[in-house]
Amino acid sequence: MLLLLEQILNGLQFGFMLFLLAAGLTLVFGIMHLLNLAHGSLYMIGAYTAATVTAATGHFSLGVLAALLVTALAGMLLEAGVFRRLYQREHLDQVLATFAVIFTVNELTRILWGRAPLYLDIPPALAGTIEIIPGAPYPVYRLLIIAVGALVALGLYVLINHTRLGMLIRAGASNREMVGALGANIKLLYTLVFGLGALLAGLAGALAGPILAIEVGMGENILILTFVVVVIGGIGSVRGALLGALLVGLTDTLGRAFLPGLFALVLPPAPATAAGSSLASITIYLLMVLILVFRPQGLFPVQGQHGA
Amino acid sequence: MAEPAALLHVEGLSKHFGAVTATDNLNLHIAPGELHALIGPNGAGKTTAVAQIAGELRPDSGQIVFAGHTITDWPIQRRVKLGLARSYQITSLFPQFTALDNVALAVQAHQGHSLRAWRNAHRDPRLREPARLWLEKLGLAGRDEIPAAELAHGEQRQLELAMALATNPRLLLLDEPMAGMGSEDSQRLISLLRSLKGDYTILLVEHDMDAVFALADRITVLVYGQAIACDTPQAIRANEQVRTAYLGEQDV
Amino acid sequence: MKQIVLSAMLLAISLSVMAVAEPVKIGLITTLSGPGSHLGEDVRDAFRLAIERGEGTLGGIPVELVVEDDGLRPQTGVQIAERMRERDGIGIMTGIIFSNVAMAVVPRLVRGGAFYISANAAPSQLAGSGCHPNYFNAAYQNDNLHEAMGQYVTDVGHRNAYILAPNYPAGHDALAGFKRFYQGDIVAEVYTQLNQNDYAAELAAIRAANPESVFFFKPGGMGINFVRQYAQAGLKDRIPLYGPGFSFDERLLAAVGDAALGVINSAQWNWDLDVPGNAEFVAAFREAYGRTPTLYAAQGYDAAQLIGSGLAAVNGDISRADALRTALLAADFPSVRGEFRFGNNQHPIQHIYARQVVRAENGGLTNQIVGQIFSDHVDAYAAECSM
Amino acid sequence: MARKPLIIFLGLAILLLLPIYAAATNDLYLLSLSSRMLIYALAAVSLDLLIGYGGMISLGHAAFFGLGAYVGGILAFHYQEFSLFFGLLPGSNQALIVWPLAVLISALAAAVFGLISLRTSGAYFIMITLALAQMLFFLFTSFSTYGGEDGISLWQRNDFPYLDLDNRYHFYYLCLGLLVGFVGLCQRLVNSRLGMVIRASKQNERRLRALGINPLPYRLVWLTIAGAGAGLAGVLLMNHSHYVSPALLHWTQSGELMVMVILGGLGTLYGPILGAMSLLLLEEWLNQYTEHWQLVLGPLLLLVVLFARRGLYGLLAGRGARDG
């Protein structure tokens, strides 16, 4: 029973991690209608920057700060140079162009940082564990990720629903001309939104750095999961991304933790292990299929994008 | 209740978008062969009403009966099979297809057999010949091989009508067929519609009052989603309520 | 008359000199892009070092190294191998890192008469029933290091073990290899998704099971993730962790950090191995590339030396396939592993050592040999090979 | 446009005469490389049916490609091992049994994928096809009976009546014949009643529905046909490389096929062939000169997408590039 609680906590933590990535992706899609496969590249840039700056300065916080700045900047540069031309294009062009960006960024990273994975450690202050569930010391750092994820969710909620920028964002999503008529500089708005999306990816990368391997290709690895999250939540919906991320995090974690055991109740050990782990690796895809059968537009469909 | 022989009955149709009531308890009865016009100021809910009859929007409440079937919950294609066809207020064609292909596809939609994957549809006389006739009838003879996107605006409107007619409908829903047309084109379309009168039952949504009063057998006036009057053109012209609500502004 | 004979002799000599001067081409197909590309880089760099130290020769025979990146895509590997073989006429190849690329390339290549000397990839199929006279493995058989860990964990006296690997063939082989030599109980055998990032669920299950030891096989980035998260979860001080040397090469250790400090792992080589020539190799490698060679570098270097010994025996004429094969099988070269010999399936029979991750003088992490687990270890598939 | 038939004629002539050139220069590798290009071209054409004609942007086409290869691989595996598939069916090395089966199973898989994914559209469709293909990728990766990630290595190519597929010339001409046949079939499909509906659904779905045609069943049929084409390409590739692995199912493989289509020219039947050949040649050539080939390929692709939308075939053939 305690184990179940702990696994649920693990699932939530994984979910919040995915949320940080999914939020940026879905925000950019919701407002600019841009399908950005290169979101994972920004995540990678965040992790690499955090690792490099932390190693140089000795301060993790500086590393995270630098990662936020660099990814936001890289995002805005990419937006102004490449992505801006894609907003009015079909999704097909977007997929291909951002696919090309993945190639380019990966190779550049390999040239700049070399082939060996980088090192980034948890700062000493966050390194310990706390026993929030009796008998199961939980890493403080993972609790921090939950906290940051929740804060970002809250922050985005306030930003979108209660600020002038948020109002423009919401208006921009439904009606470009109207925003133009309000006198807002829509180009700048889009660049800023993209920068925000990139910054979130960078934050995810920097926070993931001490837990996960920092290597070329880390972005693509997690990108597919992020897509599943976004699709489940409803593309363009930040609310949906949060719910989707938590669902995926929980499903994946609980599936991995308990499926092989469940199979062992009915099968001999070897086939149970094989069947259990194979099934566990595709539970989230099954979840996605199941949800889409009932809700083809995801859990929180965004208005005005039918057939877009 | 109106005459039971009507081809289309709309009873108590309502549709809300959030706080906005787009269609408010609308009743409509169209007799076979009748040309019925639906008019009203901008935002009166004409297009919304047509969309519900055509099946693109689901009403919140009310009932639509067409040719003896209650079609309120039917999908579009089933309604089309029963003989409902529509044209769009904003031109809606297959822009890369030629004019002839556009109409041929409409003919094909009516004939079926769309799973045939081997014979060349561009050389199928069962599609091409009726399509060519419709183009001729609508004054597009000689424009067969022009891609729809390259036709003049007026021609596109004619093509749109040709496609609606090619599905061999019992009821035509025409949503502002004259929108954006020059006066010469409009005149031609009016005479065309007059020639169709009697053979087809038509629900016409139109802003051009000259056209409406020249063509319509009866007129329904819609304001804020509500039908405030339904009568012959002469009676509508004389109706005080209509004049104040709507026609007065337009100086009829 | 005398003059004619003399000039004819001179011509003959100059011709034969020219024949020798034409360098033997060696194809090195390896992974230089994608995850795990630092393994390919190490193999390539060490191979180049061997040629440089021979001043452009291997075994005294001039060679030309043709390097190409397979991008960890089997189809690309097949294509490169085909081109090297057919268009460039290359008869000796090496360098493939990953089993899936090797399985795509090697069987066809050697059936077609070319020689393949593996510097890393060693799938079990090629060691057993799929063994071939033209295929030599200068590194190991994949299971060797796992088997050694099974033996080690038994020797230490842990009564039970919790074992994990990714859900793919090398992972299944790894745990089978461990179990082959482990005498205690298996608490659980867990297969995780390939390229899994987060191991929180598995770690919680380990804590709940409370085993005496944990053995894991997680190549590349997965290993970094797992070792770090293991330490972060506070498990490292409670349950000792064991793994094969793959997850503890010096370049990965730099990325894992202190989470790996003290962990015992297995390898057939280490930089501090006290055998003739090893110190010189390590020094030369550090000098050339500014980093400590990993076990992959040592394998690349040995593969080069092995090829050199073969080339020397046939004086660079690789069309003498039988003689070349005999020479390669003799493995008469100064291996940085010390004594080196092949078994019947042309995989090494070699010592396997226990290494411990310690702090190096420069403050970084490195491995240090702490004991020998196997001596003259023969892999488990040799018996299935009919050679 | 007289340019278009000229290009097609020239292209076909070059492809027909290539083996003679290869024989004259004794360059067997050229034949192998070109066969591979023909196979990828076949897969790219099948993807273009979806993207270019049907507007169904599938990022999971590698699933059908890889599945076709795996059907061939699994049957050959059981044939080699004298074992039974699920203890029931024997393996086979007969192309006339294996290939139709590969095509059939890929088509079936496409139909199942379609039932799930065609309920959605736009970005959802892209992501769902991607995720479904990844699911298959993970399944095959962990399936140890068939080598998992290491794949299946095969001893020989399939047996084909009157032909020796291990003979490069035979294999090349067979691939060429199949490609020409498939393009011919597509030409008919595209211009048929079904093709009209599919092309119309790409241009204006709403109008099509208003005409009384629900595009869903037609799309499903279309996707099934495209899946079958990819399956044929897959089983050919398995023969070509004597090898099958999950890498063929990976999403980057789908992306690569998509790049071929765009590079060559979307919505044409000849463009993807040109695209497949150019991309493979480019990769082949770049890879020999620099290990940082992705740094050239990435920006190049970006430029094509941003500025050369009509692709190579569009540039060559001019305005009349569109087929049908």
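Letters A, B, C and D mark the chains as written, and numbering starts fresh at 1 in each.
The rule we apply is simple: a contact is a pair of C-beta atoms (placed from the backbone, for glycine too) under 8 Å apart; a residue touches a chain by one contact, two chains touch by 3 or more.
Treat the numbers as computed from the prediction; the structure is a model and nothing was measured.
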Shortest chain-hopping distance from subunit B out to subunit C: 2
Greatest separation from subunit D - chain, by CA centre: B
Where subunit A and subunit D are represented by their mean Cα positions, the distance between them in whole Å: 32
Approximate Å spacing (C-alpha centroids) for the pair subunit C, subunit D: 36
Centre distance in Å when subunit A and subunit B are each reduced to the mean of their C-alpha atoms: 48
Junction residues of subunit A, two or more chains touched: 106-107, 110, 274, 277-278, 281
Shared-contact residues (touching 2 or more other chains) in subunit C: 32-33, 167, 191, 193-194
Touching pairs among all chains present in the structure: A-C, A-D, B-D, C-D
Subunit C contact footprint on subunit D (complex, rising order): 27-30, 32-33, 36, 138, 141-142, 144, 147-151, 153, 155, 237, 241-243, 245, 247-248, 283-284, 287-288, 291, 293-294
Touching residues on subunit A, where the partner in the complex is subunit C: 3, 6-7, 10-11, 13-14, 17, 106-107, 110, 114-119, 121-122, 127-129, 136-137, 139, 141-142, 208, 210-218, 221-222, 253-254, 256-257, 260, 269, 273-274, 277-278, 280-281
Of all residues in subunit C, those that touch subunit D in their complex: 32-33, 67-69, 73-76, 78-80, 82-83, 86-87, 99-100, 103-104, 107-108, 123, 125, 130, 167-170, 172, 191, 193-194
Touching residues on subunit D, where the partner in the complex is subunit A: 51, 57, 59, 116, 119-124, 126-128, 130-132, 134-135, 138-139, 142-144, 205-206, 251-252, 255, 258-259, 262, 266, 292, 294-295, 297-302, 305-306, 309
Contacting residues of subunit B [partner subunit D, same complex]: 54, 56, 75-77, 79-81, 85-86, 88, 92-97, 101, 104-106, 108-110, 113-122, 124, 127, 163, 167
